[in-house]
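Sharing a structure with you now.
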Amino acid sequence: MIYITRETHFCAAHKLWNEKWSKEKNFEVFGPCANENWHGHNFDMRVTVKGKPDPKTGFVINFKDLKQLVNEEIIYKVDHKNLNIDVPFLEGKLTSCETLVVEFWNILAPKILKMTDGQVALHCIKLTETKNNYAEYYGE
Amino acid sequence: MIYITRETHFCAAHKLWNEKWSKEKNFEVFGPCANENWHGHNFDMRVTVKGKPDPKTGFVINFKDLKQLVNEEIIYKVDHKNLNIDVPFLEGKLTSCETLVVEFWNILAPKILKMTDGQVALHCIKLTETKNNYAEYYGE
Amino acid sequence: MIYITRETHFCAAHKLWNEKWSKEKNFEVFGPCANENWHGHNFDMRVTVKGKPDPKTGFVINFKDLKQLVNEEIIYKVDHKNLNIDVPFLEGKLTSCETLVVEFWNILAPKILKMTDGQVALHCIKLTETKNNYAEYYGE
Amino acid sequence: MIYITRETHFCAAHKLWNEKWSKEKNFEVFGPCANENWHGHNFDMRVTVKGKPDPKTGFVINFKDLKQLVNEEIIYKVDHKNLNIDVPFLEGKLTSCETLVVEFWNILAPKILKMTDGQVALHCIKLTETKNNYAEYYGE
Amino acid sequence: MIYITRETHFCAAHKLWNEKWSKEKNFEVFGPCANENWHGHNFDMRVTVKGKPDPKTGFVINFKDLKQLVNEEIIYKVDHKNLNIDVPFLEGKLTSCETLVVEFWNILAPKILKMTDGQVALHCIKLTETKNNYAEYYGE
Amino acid sequence: MIYITRETHFCAAHKLWNEKWSKEKNFEVFGPCANENWHGHNFDMRVTVKGKPDPKTGFVINFKDLKQLVNEEIIYKVDHKNLNIDVPFLEGKLTSCETLVVEFWNILAPKILKMTDGQVALHCIKLTETKNNYAEYYGE
């Protein structure tokens, strides 16, 4: 079993805000991340898959195909967008790093299995929000 | 003459948008940076000053003082904000990297001179918007 | 289960030295790291915790709280210090990367459990000593 | 159990090419990586070993020894070389990242065990080919 | 005057070799960089231009246009290539970092002036060959 | 004229301390950098030289020679040392970044000129003390 990682990037606006709470409560919990007019980040996303190399190519998965899948399913939908407003699959959800890695996983995991006839599985989504903070999800 | 640089960081939302243009024209020129609901970045700002070291301290400027000045005059006003809406000194201005470095310069340059009795001058503001793009301004 | 990491930094002096050995033996084993007048590093520490996101906040743990805990329990005690002399919890211990990650773990692991009523557990301490060397500890 | 990582670097030329395929098929699968006159990379290799610290040194393994082993067994054989032509242990093999991590593992794993009398085991080889792509192997 | 930089990347094979010298002399001067079967690098290229921001866009130059120019004139010709064999404008030249920055300058400088009606000038080409080595050229 | 840079690294202990001042005054000015038992850093030093490429080699200077000079004159004297105690050329001096770049310049500048028969000159010493702070000196 070999693990292959592709790093991609997107720039997006968001805010952390619980609609059921008062403005005061939101600022108390989320601090400056609750700024009403949004703030934003350069997000780095690492998608790791696992499988056995194909003896004909030496590849677990062709990076070209993995890159295209991640771009079409995630990057083109979140890059240069507002995560709270512009992204259908995030509608009504909190846009914390923790939520994002789970939502990205739920989209990519079945598609990677299908694209490879079950030979390659998604292993981890890692999302870095700032130089000092990141979240990882392994599907369970 | 020695050049001293302090790097700081801020996260902000913005969009590139010329109010005098149609929506179509804005998208044609600014591409996805014109997304109406904003996008955002982790900005890295490097402030470089120049001067002679004080023989008593070995310092051109005490980093503690430079850090405090940059934080109070710039970082606290732009971090976790929307650059187009929340920042008084950017009101009515385009929020391109080029505009930001000039506006930051205009605020910091006189204050650094005053704080050091003219012994230390601002030399360069460098602002990095993404891994691959940055702007620098030397005051003229 | 989601894994959340916060990176922090500290600058410290240390030397590698076994009091039971001769000077020659220390230099033979530890090389330049045994320099008697100390040397030092910029250490990067990554603290990874694991848990389920709280549906009200989207957070496994509030980064603000994790940051405060790590700063109070570790960073303020080791930053700009001599690890062999100034740090009570390292007294009489070798200050290798391996020792440090275990000592940091022993301090942080119970406090994270207590702070979160057992909902969030420390998963890994990773300590980077130079660009090319690091140690990781998972508690067992 | 503590995990210790040493990062090393090498610069090499290679191409991805299956001798059993036509030129067209090679370009279709490998894209520009099949350029007949080669291309090349700065590879970063991270070797992670696991073991218990020796109470006399605080070390799982002396970095000096691990560095020397990795240099002699791998780096001196691949650095400033053509991976498809100049490296005996890669003869007749595809030079994808996936293949390289397995071949490096097969060389290093038994030697690390032997060098440490079974006290320290190789845990992971991670090979980074470009800023955005890497492969990891854990031996099974 | 504001300075704008765009960083791009390419992977290429090359060797340092003076055709007029013996094999021994080439190895004596160029060391392992003279490996006859090539070696390679991930090159990072930073292109810096200078000009005044257009008041309608806030841009010195539209990054989209600069990126397209650099890709078409340089990157597509050197990426995943052998610099000594595959690149017409490097034919018969040494492929040191120093030579590359001058050749890249000679191609880009007139095209940037022309593309901007003389409003924007190339300021610097910086080429990074390894983590520790880079060359810069300012056109004179 | 082409500018060539070599980055090197060293790990050292130091403290900022003015012998003419009281303990209180030292802490007031230097803050935690005045810790009496030292602290330390991983310093990154970039040495930039300028000259014309030799048409026979394509080199402004052979990196091998520049590396050897920097190692012998600076790195071997400061790496894994205490800058306040162990380094003869820093005796009695403050060990701020500003002081270090000037002292390193004074050693390297004449030697680079001599080594190259006046064909290559030192252009800049850049010393990075932490991720966020650095000093540069251009010789005047």
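Chains: A, B, C, D, E and F, in written order; residue numbering restarts at 1 for each.
Note that a contact is a pair of C-beta atoms (placed from the backbone, for glycine too) under 8 Å apart; a residue touches a chain by one contact, two chains touch by 3 or more.
The shown structure was predicted, so the numbers you read here are calculated from the model rather than taken from an experiment.
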Chain labels contacting chain A and also chain B: none
Chains touching both chain E and chain F, listed by label: B
Chain separated most widely from chain B, comparing mean CA positions: D
Rigid-body rotation angle, chain F and chain B, from Cα fit (steps of 5°): 120
Euclidean distance of C-alpha centroids - chain A vs chain E, Å: 34
Distance from the mean Cα position of chain E to that of chain B, given in whole angstrom: 29
Length of the line joining the C-alpha centres of chain B and chain D, rounded to whole Å: 42
Residues within chain F bordering two or more other chains: 131
Chain-chain contacts as defined at top: A-B, A-C, A-D, B-E, B-F, C-D, C-F, D-E, E-F
Chain F residues within the chain B interface of the complex: 16, 18, 20, 29-31, 93-99, 101-102, 131-138, 140
Residues of chain A defined as touching chain D within the complex: 1-8, 48, 53, 56-60, 62-64
Complex contacts: residues of chain B adjacent to chain A: 9, 11-14, 32-33, 35, 37-42, 79-82, 85-86, 130-131
